[in-house]
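Multiple structures follow.
The same chain A turns up in both complexes below, where it pairs with chain B and then with chain C.
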Partner chain A sequence: MARTNRTPGAESAGKYRRNLFSWVMLTPGLIFLGAFLAVPFLLLFVISFRDVDNWMNMLPTYSLNQYLEVFTSRFYLHMIWTTLWVAVATTVICIALAYPAAYLLVRAPNRTVRTALYVILVSPLLTSVVIRTFAWIVLLAQNGLVNEVLMKLALISEPLRLLWNLGAVIIAYVQVMLPFAVLPIATSMGEIDPRLRQASMSLGAGRLRTFWKVTLPLTIPGMMSGAIIVFSLAAGSYITPLLVGGRLQPLLPLAIYQQVLQVANLPLGAAMSITLLILVGVLVAGMGLILRRWEGRMHG
Partner chain B sequence: MDDREMTGASARRRRRFDGWTLLVWIAGGAVYLFLVVPVLVIILSAFSPNPYPEFPPTEFSLRWFREVFQSEPWMRAIGFSLWLMVIVTALTVALGTTAAYGISRLEFRGKQALLSFMLSPLMIPQVVMGIALLYLFTAMGIIRTMAGLVIGHILVSFPYVIRTVGVSLSNLDPKLERASMSLGAGPVQTFFRITLPLIRPGIVAGGVFSAVTSFGEVSISLFVVSPSNMTVPVRIFNYIDQTFDPSVNAISVLFIAVAVLALIIIERTIGLTKVM
Partner chain C sequence: MSQIVLRNISRRFGANWALKQVNLEVREGEFFSLLGPSGCGKTTLLNIIAGFLEPTTGEVYIGGRDITGLAPYRRDIGMVFQNYALFPHLNVFENVAYGLRIRKMKKAEIAARVERCLAAVRLEGFAERMPHQLSGGQQQRVAIARALATEPKVLLLDEPLSNLDAKLRKDMQTELRSLQRRVGITTILVTHDQEEALSLSDRIGILGDGELKQVGTPLEIYRRPANRFVAEFIGQVNLIEAQALPGADRPPGTLAFAARGHFAAPGEPLRLYAEEHPSLAGRESVLFMLRPERIRLSPEPPEGAAGVVELRIESVVYAGSAVRIAGVLPGGGELSALSSDPSFPVLPEPGGILYASWEPGDLIPIE
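The block that comes next holds the complex of A and B.
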């Protein structure tokens, strides 16, 4: 056997068998994703061009009416704008908070501290988003902890209305998504050669200047990959806004949820979904492009 | 910036810039506090006898845990969620491991694009995935069935298995598989005798990710779940959305315990830093 393997014919036969086996292994996963990821999105795309009658029944005709409604009504344009604005605000705050957090993780004085910080960062990712959001209701409600502590300290006399606004949505989003920003930034920070910083400092640059000129540029890849995840999650979630912001917040994912499950205008819901998908896709692709350009500059 | 890096010459600078380091440490500490406080609040509330949270806590009680364990609907939801988790984990691990192996051993044009497609459920807005599946399942007639729920959960867990098994496969020494083949073993035998045992850490970590993802999934479940067979997170969602029930605190503590357990398993098998 071992000898025959060395002849060219047997060699390519062996390679053929290996490749065949690899394709056989890959096929079930591909069929699954094709049937339950590609097909549903095609279906969604097709439905978004359908018309409805006054009772929300789908008509057999196709048109651009649903998209016209989304892109010409001030209501939906405002909603698209708010969705993007909330997602961008969440991303920027997450990145800003992620830097000191990543620094602590990379510079933890010993293994125990580092493990503890890791547990704090990763355990929320393994806990359901309803539970993480629920915690914010307990904290921010009228009779919640924040109001109670502020009242006890006599800083306020009436409980503040902390829930049911976009501020609460952004706070909860930041807490839910922060680990996604910290982990990649910490990874890039850990990869920086400490001699680069030493060199910068020994040449007379201060800490702040060293951060701007050395650490920040070298952590841009981690920062961008964190930003991509946080942005796409913040633009596409409806659970957190629904629970801490309320049903009436002008956010696209919330409106899609209600359009489909309550109004039952399926084509309009589909058109809004495709709009959201394309918006997130274009912005994420743009951020990905910046990421690759920057990586090219760093290594090239 | 690390103290150990500082040597005689820069000792002066160290004194001069200690303020900045202190500031960064305080800021970082505040961020971790911000991350951990909501979790602590839930734990405190769960062990308090009062329906509303108070700080500092005055009494300790297991009242809300008892209420959960004595509530038939909650226990049914927990049972259903666990059952679903087992099915989803087994199927996702099988589908994900084979797919990760296949794609790692093949070279073809568009491989990167295919890999991105396989990981895309992590990035696609979940509300969009939820309604896409709602339409598909309605057309297929499996809306509000267990099958629909299983499919939805596999879809969101799949990328994690691809990632963890992918990490294990890329750490594998290709010489071992080549040696097995040159000794006469076919690809199937080599996979089961050599590859599979060696990538077990990645498979276990992927299984843990699938399990916690399925157990906590709500965004897609809400669109396809049946009102008579609810998962725990969907039930929690309905509860918070309509009323305030302190037993949700106790349930949440159970979830957090599961998360910490999962964390330990992942750390022991493949290492947290590799997969996150």
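The block that comes next holds the complex of A and C.
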């Protein structure tokens, strides 16, 4: 009896010690995150309700004025709309381009080829954003490579305006975010049991129909995960649009950057940040919900 | 006319020949099993019949038609996979209806056919379930219903029962066999489970090292293995090499042999009497198979047996319905015997002595 009484006590003491140990290990990380993420975020939230005087000095009063300005000005509403559609367009293009790339990765004949493809795939991420963007400027400028070639081939009579617009922003986004779409799609594609495709074919479905009815539905989770990552990145970047789109593009991250660092209107910048965060959060949560539903349907 | 004919099928992977010159005819409506150890090429052969693999040489015929180069989706086969391969994103109804939708059947017809197929595998009322909500046995039945729904010419089963637990497997075997009889579909089962092959099949093909070692009914395979490979693979055997003793005394209708490596007393080879058989005529040395269950064990030397040998018990394994006893002969050489449970009031002990005897007809010459 004494033994059976003591064992659970000893066990829970051991558990407690293990728990304590994991907390001790986590502490530095938690302190870091608390100091540099949670606290600044709270400050941002509080500041977004502050008022400013004409010289952008923060006043000790709190109101919804900053949010009213964001949501009543046609300028800012247009900006929110543009930010979202640019992010959506980037996401859709990324997923469409990532799908064949993922297919190639999964079907690589051997490890060497697969490793080589992975390296090529993630290489944009290994390049500095400035170099990468500068390369786009070289390619897309008025006298850039693309225009020169098209002119030489006499396909156009005067240079196209390829840079300093939202098209350029989307192109640059797609280039850098493509790997984030390819990797989850490749993962979910690689997890498909090849016998499912064989089963489909044994039932009379050709390759194309097998793709539509088996492969594509089973890669929806991968596409959703990829879409979530690409969308959140595309809605929140400001360096890439600043460099290839110019500072006048109606994108929320650019406006936040200007409000905070150039106009120094911290409360308005904070209100725009919170607005962007909530919009992206809601949309991402929606996509996450679809993902969970679909996975729940398949795996319980 | 849905018999399956394989002619000179060979398949090479890199430098290895997974299949070598396989010739086989599976009759219409037959339940045929391909049996062999893992890596013997049986799954390769099934994949060639299904069209997932091309043979390096040879042809496949179904119902007299050469289908060798035909894509799997044009072969009109039903296939059941080891892990069932149900479509996880489709419910039971849609899984079974999959092949029917491809054939563009009318909605009402599909519903009726799916219902009939689910009833055939006793899964009425499961149509709305998702595969992950079913037990292994139920998933198995959905897979069978799905394969049969399109009324294919041929049913291919790739180790379909090996993921089920022992009791469920027995039930599914019975069910599978009676369903196959009812539908009358030509069926090929790939398995490494000899008991499954013996109890289900009309005929069995034994594959080893990419070659078809023997084709025959379960009875022929078990009682008259054509060669050493089959004898050792199917069931337990005592294999005894023996030398003919042409002039020796022997009971009428038998031939006398001296066993190699089995000694009745130190230096004195065990004397064997085998029934006269055309294959034994004029042979100097013969390999005999003696099934353990053919050996009778008794505490006293039995009267009138053709051959009796003393056996010192080495091990006794009690398995419920049977007792497996392994022992050594006085001069060396091992023998293993299988007795049914009630033959011993008390289990014999290792170290004790039993007398082993058998009939001349129990010694089966091989090769």
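In the analysis below, the second predicted complex is superposed on the first by the 285 of 300 C-alpha atoms of A that agree within 3 Å, B and C clash if a C-alpha of one lies under 4 Å from a C-alpha of the other, contacts with A are read in each partner's own complex, and residues count from 1 in each chain.
To be clear about the criterion, a residue touches a chain if its C-beta (ideal position, glycine included) is under 8 Å from a C-beta of that chain, and two chains touch if they have at least 3 such contacts.
What you are looking at is a predicted structure, and each value in this text was computed from that prediction instead of being measured.
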If you stack the two complexes on chain A, which partner ends up touching A:156: first (chain B), second (chain C), both, or neither? neither
Mind working out whether A:68 is in touch with chain B, chain C, both or neither, as first, second, both or neither? neither
If touched residues of chain A are counted for chain B and for chain C, the larger one: B
Could you tell me if A:201 is touching chain B, chain C, both of them or neither one (first, second, both, neither)? both
Look at A:278 in the shared chain and tell me whether it touches chain B only, chain C only, both, or neither; answer first, second, both or neither. neither
Who does A:263 touch here: chain B (first), chain C (second), both, or neither? neither
Look at A:119 in the shared chain and tell me whether it touches chain B only, chain C only, both, or neither; answer first, second, both or neither. first
Should A:218 be classified as contacting the first partner (chain B), the second (chain C), both, or neither? second
Determine where on chain A the residues touched by chain B overlap those touched by chain C, and list them. 198, 201-202, 206
If you look only at chain C, which of its residues touch chain A in the complex? 50-52, 71-79, 81, 83, 85-89, 98-99, 102-103, 130, 132-133, 146-147, 150, 156
Quick one: which bits of chain A touch chain C in the complex? Just the residue numbers, please. 193, 195-196, 198-206, 209, 213-214, 217-218, 294, 297-300
So in the complex, the part of chain A that touches chain B is made up of which residues? 1-2, 5, 14, 17-30, 32-33, 36-37, 39-41, 43-44, 47, 97-98, 100-101, 103-104, 107, 117-139, 141, 143-145, 148-149, 175, 178-179, 183, 187, 194, 197-198, 201-202, 206-208, 210, 228-229, 232, 235-239, 242-243, 253, 256-257, 260-261, 266, 269-270, 273, 276-277, 280, 284
Contact residues on chain B for chain A in the complex? 1-2, 5, 9-10, 13, 16-17, 20-21, 24-25, 27-32, 34-39, 41-42, 45, 52-55, 95-96, 98-99, 101-103, 105-106, 114, 117-118, 120-136, 139, 151, 154-155, 158, 181-184, 186-188, 191, 212, 215-219, 222-223, 233, 236-237, 240-241, 244, 248-249, 251-252, 255-256, 258-260, 262-263, 272-273, 276
